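Notes for the one structure printed next.
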Amino acid sequence: MEMGRDLALLAPELTLAAAAMLMIVAEMFRAARLVLAIGLAGLAAATLLTLPMLSVDATVFGGTYRIDLISGWAKLILLPGTALSLLLVRAEITGRPREGSVQSLVVLVTLGALMLSGAGDMMVVVIGVVLTGLGSFALVAWPRDDAATEAAMKYLVFGAVTGSVMIYGLTFWFGGTGSTLFSELGQLQGQTLVTIAGLIAIIVGLGYKGSLVPFHFWAPDAYQGAPVSIAAYLSVITKAAAFFAFAQVLRDLPRDGGWPLALAVIAAATMTYGYLAALVQTNLVRLIAYSSVAQSGYFLMGVVALGASGFAVPGILVFAAAYVAMNLGAFAVVLLAGRDLGDLEGFGRTRPWLGAAMVVFLLSLTGIPPLFGFVGKFYLLSAAVEAGYLWLAIIGVLNSVLALGVYLRLMVPMYRTSSTEHPSEVGAVLTQGTVVVTVLATLLIGLAAGILPGP
Amino acid sequence: MSIAVIILALAIGCYAVAVLEGWAVHGRLSLTRPATSALALLGREQILPRTSDRLFFEAGPVLLLVAGLLSVAVIPLAPGLIITDLAIGALFLNAALAYVLVALIMAGWGPNGAYGMIGGWRFLGQFVAYAMLIVMPITAVAMRAESLSTTQIVLSQAALWNVAYQPIGFVLFVIAAMGVAWLPPIDLPTGGGDLAGGVEAEYTGARLAVLRLARLVIIVALASATVTFYLGGWLGPWLPGWAWTALKTLGVAAAMLMLGPRLPRLREAKYLELSWKLGITLALANIFLVGVIALVVPI
Amino acid sequence: MSELTQYAILLGLTLGTVGLVLSLYALARAIGRARAEPAKDVPATAGTLARDPVWVRYHAKYYGYALLFLAFDMEMAFMYPWAVVYREEGLVALLDMGVFLAILFLGLLYGWSQGALRRQ
Amino acid sequence: MPLLTIATFLPILAGLALMALPDRSTKKAHTVSIAATGAVFLITLGIWARGIVAGDFAQVEEIAWIPAIGAAYRLGVDGLSLPLVLLTSLLFLLSALYSARIGERAASYVVLMLMLETASLGTFMALDGLLFYVFFEVSLVGMYFMIAGWGYEERQRAALMFFLYTLVGSLPLLLAIIGLYLGSGTFDMRVWVEGTTLGGLPAMLALIAMLVTFAVKIPAFPVHTWLPAAHVQAPTAGSVILAGVMLKFGTYGLMRFAYQMTPEAFAQAGQVILAFGVVSALYGAFAALAQSDLKKMIAYTSVNHMGYVVMGVAIAALATEPRIRTIALDGATLQMVSHGLVTGALFFLVGMLQDRAHTRGIGDFGGLLGRVPWLGWAFILSAFASLGLPGLAHFPAEFQIFLATLNGMPWGLIAILAIVVTAALYLRAIAGVFLGEMNDKWADMPDLDRREKLVVLPLLVLTVLIGVAPGWLIDMIHTTMTGLGN
Amino acid sequence: MIPELMIALSVGAALFGVGLYGALSQTNLVMIIMGVELILAAALLNLVAFWRYLHPDVTAAKMFVLIVMAVMAVEMAVGFGIAIARFRSRGSVEMEEARELRG
């Protein structure tokens, strides 16, 4: 039966949704540990359920939702990433009011992220954007102090405006094709104006989610105002999901609309601006925020090459996996070290292992082989070159130098002698566990890159 | 043709309700009283309060009247005797009633008076309380009728009136309807005792007359909606259809009017709490029950 | 009657209502006008004119409900189409909407447990 | 037995084991370091014993790595890489011996050294483009931390400069590798070295990218400016590794990548490359002449010697006769090995001098020969070798290069001028430091101890051996270069 | 092109313009959200117009309309939720006053 097949294919998503519901129930009884346990169990179960489905290429519910390479790997990337984020959240806000609510929201936002990465239909994209967006606003606002509400307010205003602009633009695609399915976008061939309207919409809406220049303004503020663990979560999960959605939407669009070039320009601007801005930051969270803006530019190189290079989709997936691991890890270290650049002073000497882990994350973010980040960047650069965007690849490569400048600003003080105390904090075990997992992923998956999808 | 008939019926109904209300409030049954007080209102001097928002002040009563009339427009008096038999009649009724809130807020805000303002905001709270209890029972009714057309809804009750089929929904709907028409004990916006008339406080003369007329129309509309949704509409033996509708409507209106003054007034917070904690739970249960029954018993 | 006609009638009804009100006002004016007196137009606030407009902030103590209401009311929009085809679809529809309503209800319970249904 | 793999990963595994040890005392760290590098040296001797074959890579070890994109773990050696592998393992062993006195964070130091050895051996033995790049970059990171952590006064700046320069330099190589990959669909360097992967404009673009990378690494004029800073600030062992091993990445890459993978483009650009080589050789010599800091002076002579290598490769590309090409390539490869031995020895000796005097200025010394004869004579021998005296290591190499130049592009012979300059500067340095009037400050300077002699002697012996009887080494190189020249 | 469609789209575009201008020029959070709602209204109008005049038999359009309406409502709910949190913390929901976070 059609319905049964659809539901079976959706098993990971349904599991996650059920877990989220149970988490909310547990939160009603203020059982924060139970909430966490349910969340982790649900994420683990959903991940396991995804494994046998990696080779499936199908759609469910009339083509509106895709179970394919992208959504399969997206689950493998986002679900463990979320699990690690839950640990960080737990470590940071144990015992504070509504801890369980935060945990549940995190899982719900991930559900939205999964919808984005499997979207085969405008409606699913809209729902995904809204689900990730609204949950994120609430997460950012959670501490309810001045900084958090300000961050949430900015995040919300940007999100609401870009989201609604996206919906408005998408209506033109519906007008042009007579269908809300992305698989019908081929019919736009020749309808230049309509194509452009929808494209601008998608770039605005998903570009905001992926914090591309010039829609990135919210990112540093939101990350700075939110709890560090939430910033870590948002910087990886919703961003990766945005690029999965880009891949899902644009891979069916005819390449003749000039959009690859437009996106290439945005990509170049994003990475350059992100690193330049990161160079002058003194707040550690803001610095990583800007650096993650720059990383978005690399993601976009894969998007630019969609349909023109076999490396495009694997590139986005591999880089996303790497990015989730290394950025989460870097944020976990920040959680232990402190939010200010000065807090890193001497950190590598007083906490040698954590310092070494941070170095690994930062080198991986720079793209130094054989770390995971390098593998991702390699795929993306290959995609850009193969798609004929050599200049973009060159800019990407040159920006690695800026990146190095940015990350050396963190690495160098870590090995300076200083008197800064680095007390071990509450929940440090969970955070350190996260660091261990992410650092292993960053180190080892780069070496065992054979398990990753190829072109 | 049917428009004229229904407007006429509505006018008679309004007058009858006015008489009933007089009876309920003053304890004296007087047939002329509404007419005289209407005339008196028209003859009285009209004061325009010092306000910079004249538009809201003027538009409030009119919008209220329009909302009432539009909701009546989708209620069938008898088979074929309906102003517009919309396919989405029940939804339209709901939508029209939503403007009651807008109109009352405008009327409360417009005159720049504290009592009116508080009355308007209170009604907003009241709206938040009753709105779901209008929508959810109607959904259950539509499930049985397989249509949102009010005519279809009446026809679906041929075998058994909805009042017996889904009694929970009926009770909830009536209570909510009393909220919509701010009938006692849920008359917060005009709250006799403490607000000096609330939203009505600044209205005088003809404007007050329009405001009161609009309220009568709304009461009739809600009573007839209750009849349509739960009491089988025009269905009934011996008498012609329109007569049944009229009788039932008056009966419901009388019940609503008589019931209210005998109960203690409900604070808005209490009303909110009751309708969300108890009301919505029951309404959801009602939908579920109707769903199960509709699958099991094909009537 | 086509749908367009139906809505035309409703529009006519609206305009007619406005006309009725205007003619009532005209009638009232015809019956007689009162002489203007100073300070008669003061709003009913114990006979004095408030120094500032009374359009001040009103503490909407029910905003917790209001936010929940926004969500709930919108979800009901999904229920109307479902209700209409409910009997055709049968058990599947019951299950679909059962899940939907269960989640909705869960939301209510959650809000309740977090104190959203409390006088703020 | 996969000797290549064992040799490559033994150091890093030893390093990891050291990190895992509960007791990471200085003594234990150095014991591990010496044992591991010694074992690796023996293993590379084993690789040498197994021999190489003409016209192909020998002892290839291959394991699937990222099958989806045709990248695999592939190692192998030929006449170009084997001498460099031997040089690497020897220099690391000697560095480990020399460093045994380092007490400051010895465990970390040792781990970094071992990581560098893995990276260096991997770079020379990799037969997979991606793998090559990985090792290439890892060496960069290792050296950065080495300079930043254990260098002298201005180490942070020098380290940063080194890192930025070489990273900027190495990134174009990544693009070239991507281009080669997209052109061939595999990362197998054995396919790439056939030289037919790319042609026309893409080949030229790839060549330019590779030349940028390797010119920085070599370093050739005008992108050499990081080298003096890095050398001066690096710890002694770091300088030795940097000069002896890591500069060879550049020349090795020049031959393996630029020359072999894009031969036509290389031939087209041959004159330009030759010019760069000549200018580098001359510039290095003159710049060294102007230095008063011994370490800096030796660093600049590296620019000079590496310039000869560039010349050799360029001549090989330009020459039409296979015989001359082979001679040029033989000479260039031999020059790499000689430079590694000689400059390694010089840096060790300067380091030892600095350990004693805490200064490196030529003017600060004088008449030391009588006080520290071992150190003095060793330095003089190395300096003579470095200036190309017949009978010492550089002579056969430079002779072959100039011979080929004479037959191929005679104008390139102006680089011989550099030899004269080098001779002058070394004589000046020897005179300034070891001859003349003795500075009383150094009256009680101790001579080389046993460990230091053990470090320097093998290098000196080899220097003489190659100068007198280079046959055993040239034969090995020649096995492969004959094929390349044709 | 069908004239009615053009009219509807023009009205939609006007709504969009007004909404976007409002969202970008207002400094009060509530007013910005109102601008956003106008943009969404424009989207709704577009959708309905396209459905009615170009693709009358595509049911997905109606579903899309419902979803957009849900988006409007939910976005507003969360927006006001955050506005309330902000108001409690700062006593104002002016964007101009939100200048604490900067680097």
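Labels for the chains are A, B, C, D and E, by order of writing; each one numbers its residues from 1.
The rule is short, and it goes like this: a residue touches a chain if its C-beta (ideal position, glycine included) is under 8 Å from a C-beta of that chain, and two chains touch if they have at least 3 such contacts.
Source: prediction; values computed, not measured.
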| task | Please strip out chain A, keep the others put, and tell me the connected groups that result. | result | B, C, E | D
| query | Taking a step as a move to a touching chain, how many steps at least join chain C to chain E? | reply | 1
| query | Shared touching chains for chain A and chain C? | reply | E
| Geometric centre: closest chain by C-alpha means | A
| note | Farthest chain from chain D by C-alpha centroid distance is chain B
| Higher C-beta contact count, A-E or A-D? | A-E
| said: On a CA-centroid basis, which chain has its centre farthest from chain A's? | reply: B
| message | Roughly how far is chain B from chain E, centre to centre by C-alpha average, rounded to an integer in Å? | response | 32
| field | Interchain centroid distance [CA atoms averaged], chain A/chain D, Å | value | 42
| For chain B paired with chain C, centre-to-centre distance based on mean C-alpha positions, whole Å | 12
| remark: In whole angstrom, the CA-centroid distance of chain A from chain B equals 51
| request: Going through chain E residue by residue, note those that touch at least 2 other chains and give them in order. | output: 74, 81
| field | Every chain pair in contact, whichever chains are involved | value | A-C, A-D, A-E, B-C, C-E
| Within the complex, which stretch of chain D touches chain A? | 64-69, 71, 130, 133-134, 137-138, 140-141, 148-149, 156, 160, 163-164, 167-168, 171-172, 174-175, 178-179, 181-182, 205
| remark: Note: in the complex, chain A contacts chain C through residues 3, 21, 24-25, 27-29, 98, 101
| said: Considering only the defined contacts, which chain E positions touch chain C in the complex? | reply: 62, 66, 69-70, 72-74, 76-77, 80-81, 84
| note | The answer for chain A against chain D in the complex is residues 311, 314, 363, 368-370, 374-375, 378-379, 381-382, 385-386, 390, 393-394, 397-398, 400-401, 404-405, 408, 412, 415, 449-450, 452-455
| query | Okay, in this complex, where on chain C does chain A touch? | reply | 92, 103, 106, 109-110, 113-114
